[in-house]
Amino acid sequence: MRPDGRERDQLRSVRLELGYSRWAEGSCLIEAGNTRVLVTATVEDKVPPFVRGTGQGWIQAEYAMLPRATHERTHRESVRGRQQGRSVEIQRLIGRSLRASLYLERLGEKSIILDCDVLQADGGTRTAAITAGFMALWQALDVINQKARFEKPPIRGQVAAVSVGLKNGQVLLDLSYEEDVDIDVDFNLVRLSSGEWVEIQGTGEHRSFSNQQLSQVLALGADGLDTLNRLQRDAFPKGAGLIER
Amino acid sequence: MRPDGRERDQLRSVRLELGYSRWAEGSCLIEAGNTRVLVTATVEDKVPPFVRGTGQGWIQAEYAMLPRATHERTHRESVRGRQQGRSVEIQRLIGRSLRASLYLERLGEKSIILDCDVLQADGGTRTAAITAGFMALWQALDVINQKARFEKPPIRGQVAAVSVGLKNGQVLLDLSYEEDVDIDVDFNLVRLSSGEWVEIQGTGEHRSFSNQQLSQVLALGADGLDTLNRLQRDAFPKGAGLIER
Amino acid sequence: MRPDGRERDQLRSVRLELGYSRWAEGSCLIEAGNTRVLVTATVEDKVPPFVRGTGQGWIQAEYAMLPRATHERTHRESVRGRQQGRSVEIQRLIGRSLRASLYLERLGEKSIILDCDVLQADGGTRTAAITAGFMALWQALDVINQKARFEKPPIRGQVAAVSVGLKNGQVLLDLSYEEDVDIDVDFNLVRLSSGEWVEIQGTGEHRSFSNQQLSQVLALGADGLDTLNRLQRDAFPKGAGLIER
Amino acid sequence: MRPDGRERDQLRSVRLELGYSRWAEGSCLIEAGNTRVLVTATVEDKVPPFVRGTGQGWIQAEYAMLPRATHERTHRESVRGRQQGRSVEIQRLIGRSLRASLYLERLGEKSIILDCDVLQADGGTRTAAITAGFMALWQALDVINQKARFEKPPIRGQVAAVSVGLKNGQVLLDLSYEEDVDIDVDFNLVRLSSGEWVEIQGTGEHRSFSNQQLSQVLALGADGLDTLNRLQRDAFPKGAGLIER
Amino acid sequence: MRPDGRERDQLRSVRLELGYSRWAEGSCLIEAGNTRVLVTATVEDKVPPFVRGTGQGWIQAEYAMLPRATHERTHRESVRGRQQGRSVEIQRLIGRSLRASLYLERLGEKSIILDCDVLQADGGTRTAAITAGFMALWQALDVINQKARFEKPPIRGQVAAVSVGLKNGQVLLDLSYEEDVDIDVDFNLVRLSSGEWVEIQGTGEHRSFSNQQLSQVLALGADGLDTLNRLQRDAFPKGAGLIER
Amino acid sequence: MRPDGRERDQLRSVRLELGYSRWAEGSCLIEAGNTRVLVTATVEDKVPPFVRGTGQGWIQAEYAMLPRATHERTHRESVRGRQQGRSVEIQRLIGRSLRASLYLERLGEKSIILDCDVLQADGGTRTAAITAGFMALWQALDVINQKARFEKPPIRGQVAAVSVGLKNGQVLLDLSYEEDVDIDVDFNLVRLSSGEWVEIQGTGEHRSFSNQQLSQVLALGADGLDTLNRLQRDAFPKGAGLIER
């Protein structure tokens, strides 16, 4: 039995509020259990130097937690004068994951910046940020499309992410913070709606894992991701035309 | 006629959601028109060096905007490696204002840190942060009081804040961003519920102002602050015992 | 009786040394009692991005204290790697105050940077910096005028600043450090020579204040500012033609 | 055919020089093809705050590249004033991987800091750092053991790491930089000598991957890791007694 | 003929104003031609970690220029967030030079911090800072001595410094900025009043120099230093008892 | 007798490995006793702003130590967020010394950046960096020359550097760390192969020195530098044509 009474294979209740933010081209507030992440998408007509001249677009993510998103307050990164290593690692994952959802060459030389700010943390903030980040990105692409229609759908597939844990040989879907702190092995799985993986990160800092356990993890994660993909589609059905079939 | 149809002396609609944050000792999400600020209060059992040993408590504020709280995205301060001058100036104002609401010696050697994060900005974020900051502080004091009852009420009076502007000789209450950008003179008024002022900042960067205009500004501001004080009491009636009568 | 024997309404003795600095376009060393601030004005033929293309000029201030300007040595800000919040807040006030003294559109697309460095601090450094800053600015405008005569006088009026305090119901002009540390309410008043206010900052961190007290403060401050304006004119009579009448 | 003539399943030639550094408790210079990484291990008799009092030890890694380790010079991180996101992400991976190689509770409250400095980069620097990092750690544990014999072997198993790539459906072992830049999917695999995984990171930024491809990747990686584990044992046979059997 | 009409072997006119600063334990404003440097000495009852427990004292210097001390304004180091390399190099030289003037073991475990701030620069700011720094140090030692008399004189000898240049084979004493910018070889000479050298830095960035030229430089410098030592003694005759004979 | 058995006038054994680095235009690994420094030279087709438009080239050095190059680990400068003062001072010396070896106007508007990274420190790292830096620079000039032949040889002369110490009246060549820590006076001597000095830095922090001692130091240093110049020529005979005769 899990601390919050869920089954092993049960997601926390997820709510996606598209367009939470008035000024941003795209935005989504995700609530997954007690985890709340606000993602905004900003469209800019320029790309970083290493992309310039390639005709491709770019997606970049920034991730931060409000100081009291957590049980204990953490120092504000701007006051410390630098981002924590954990934030840097997470925002790189988010950026890679969402770049994988697009045909960057169909976007043209535009950047979309995804600001992922954790209002309240209870485990799974990075996966929530990816799932909501796709929504904010989708909405921003819709805004671009309304001004100048894309020749071909810019989206390769919906991207969503979920965590899976191994604890005493048991496989658990969508870990809360309480579960996460003493998990044996922790996976973050990022997948396209086609069923193909975009990123798999499995970390056995406290215990290692076998090929067989990995298979169980992927199977359980895939179920959760199917659900998340459906919730995404329900939240923004009018964006469907932007996805390549 | 004002851009959003309000009267000269009309506040924007204000909503105070006490306890928005699950982990913080106190919290309040304020929505004032399109401005949304989340304030959390964190209680710590230590005080800064310059207070240590005095038997007094301390209140400190930190203020930041999410990068896309505004029409144009601003750089994330943690990525730039430092806070903007504007943020520093504002958080110092918030800290002073809320320290003025307490008898710090009755708090004992505790710190309360107020994190004020602007989720969406449409003018008046610093005054909203003060008004909501008092709520978060009030709730945190209630939490402290439940563990160890204060001998005497720690609160001197409710603190709220409002902006007033001068434009072509007209006095306007509670400026939106659209009004603020080309105002002649801009005031931020911070007051106790007793009617005494805690802080008055009047800035005539584009035009100067006379003693008579100042009087009109203070009168109009006082009306708005009466309303805000009432909304505060409505949102947390059970905290009343913490205020000195 | 005040610690240094002054009357309630008496300024400290003020000395303005125009042109203290050999290389700067404008400069003024102000001594107000034991407070000594050196302000230099640097003219640059470019403006910040947010002004570019408007045809207007810009005035910007930077404020710092030498490490041993104070009783206790403070860490050098460059060694700590950042400015203190207090410095940032003060330099923003100085910048706003001096911008208010000019018709920025008559300056053309030029910047004037005012470096305000406190050699010795004994209270009132920010107001001294504004009063001396106007002198350095005035001299720099004279330098510009000698090269290319302004069509219309670029100065709206002389700007000076003074502090006023409330202590046990008494109103005191021009606080020394010793008085400032346990003042009840502290005002910084910035005014044009016309008698109109540019900035009023009243801070009742330790005690609040009434409308009536505010009136007394403004009246006493106005007297002090009249004196400072006269001293400014005496120190640079040849700059008079640069001021709009 | 691969650019350097290797077979699909062929490692680059690997050389491990144990004890390269005269002062460090442990050190290893690894050369894998043209990639050269120097890892030193420093033993300290203190642990970070979050470990203090637990009786456990801690392993921490820092990773950097010399500015001209690469084809193009990169800015020196100390001159830019901060580490790059990539460095932060990599050093967190190295730290986790090597903590997984130990029974931290058998180490006692000691820290071992692994400094991983890339002298020359040609792909696979993070996996080389892990493989060499285990060697430096092993040697440092031997130094500790000589002073005060461990009651039980502190090492759970040898840790090594290797990269595997997917390109046009083909699986390639141990990517050089030239191969890495346009790979479809890139894996970093970290494993104990027991055959259990410590960390799996698969990143399909440019293309996604299926469960079946993942299986092929893991099988090929396992072969390479067997070889690396053998090279490690050959380079430090006298350390064998420190590993739990 | 030199630009300011001096002879080859002529110092600029030097003025030492001891006790310029009201709060510091020691202070000296030096004017050497148009160069003006304010040095303050702060006494602290603690020493850096590497000295702690040795019974010795420590002298540390910090050097900075006001932004408009120079012909062109330089960025304020605190705003840039770091000291310039030049400042760091200079303050290390000043610290070494003044440590050499003392018997640090006679000082006891105290630090004296010398803040050297250049108000106006016209060449020779580092040598001026050393010459004035000795004065500020001397005065601070006198303050210490008044509270608790030193058993033995803490000063080994007066330290002063001067620059010498080589230009087209000519040797020039005490370079102004105008001379310094296109000098062939530039020397900074630091000496005890005994005639022994404390530091010699000769830099032939644009041209190299021979042993014979070096001898001429040292002879000319020694004459200038004799004069500076005499000016120092004239400015603080009552400190003589602190110097070992 | 010296700790490592050398004679007073004996260099440590020196090894110069030219071309250690595969990607850099020039590189040299120097081993001088236990000191190991890797210097790489990077050629860039741009110069700093203060050189732009002069037709001259520029040489710039950066110096750092690996954290465990020393007996005790030092904090990584990139993690602390800034370079140490010592590093800054040293890299400025290296830059000046190597600029002195060239006719910068014959280089044209190119920069050569010399990255000097200390892999292992045992005294004399700055002088080793200069001696090896000249080698890396020489090789980089050869690379430039192969693409577009220099009209006139760009090198004025070989630059090498050595340390000399004074201890109890004895003069010692090429100090190891053990000797350096309690030396009386420490010299770093930089010389052209012509016999003319480029930079002399003598620091008597613990004891002062006389003119006569200085002469002895220079004579002994000159002998060591002759040897180093010969080793340089032996290591890269084919570069001889680049040096003006």
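As written, the chains take the letters A, B, C, D, E and F, and residue 1 is the first residue of each chain.
By definition in this document, contacts are C-beta pairs under 8 Å (C-beta built on N, C-alpha and C of every residue); 3 or more make two chains touch, one makes a residue touch a chain.
These are the chains along with the protein names UniProt gives them: A, B, C, D, E, F = Ribonuclease PH.
Nothing here was measured: the structure is a model prediction, and the numbers come from that model.
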Separation of subunit F from subunit D in steps, with touching chains one step apart: 1
Shared interface partners, meaning chains that touch subunit A and subunit F: D
Homomeric contact subunit E-subunit F: same or different residue positions, threshold half: same
Chain whose mean Cα position lies farthest from subunit B: F
Farthest-lying chain, centroid of Cα atoms versus that of subunit D: C
Rounded Å distance between subunit A and subunit D, as computed from the means of their C-alpha atoms: 28
Between subunit E and subunit A, distance of the C-alpha-averaged centres to the nearest whole Å: 59
Centre-of-Cα separation between subunit C and subunit A, whole angstrom: 51
For subunit C paired with subunit E, centre-to-centre distance based on mean C-alpha positions, whole Å: 34
Residue list for subunit A, restricted to those that touch at least two other chains: 81-82
Chain-level touch network, classified as line, ring, star, complete or other: ring
Neighbour-by-neighbour ring order, given that subunit A leads and subunit D comes next: A, D, F, E, C, B
Residue numbers on subunit D that touch subunit A, as the complex places them: 82, 85-86, 88-89, 91-92, 96, 99-100, 191-192, 194-206, 208-211, 214-215, 218
Complex contacts: residues of subunit D adjacent to subunit F: 21-24, 27, 34, 38, 40, 42, 44, 62, 64, 66-71, 73, 76-83, 87, 113, 115, 117, 119-120, 122
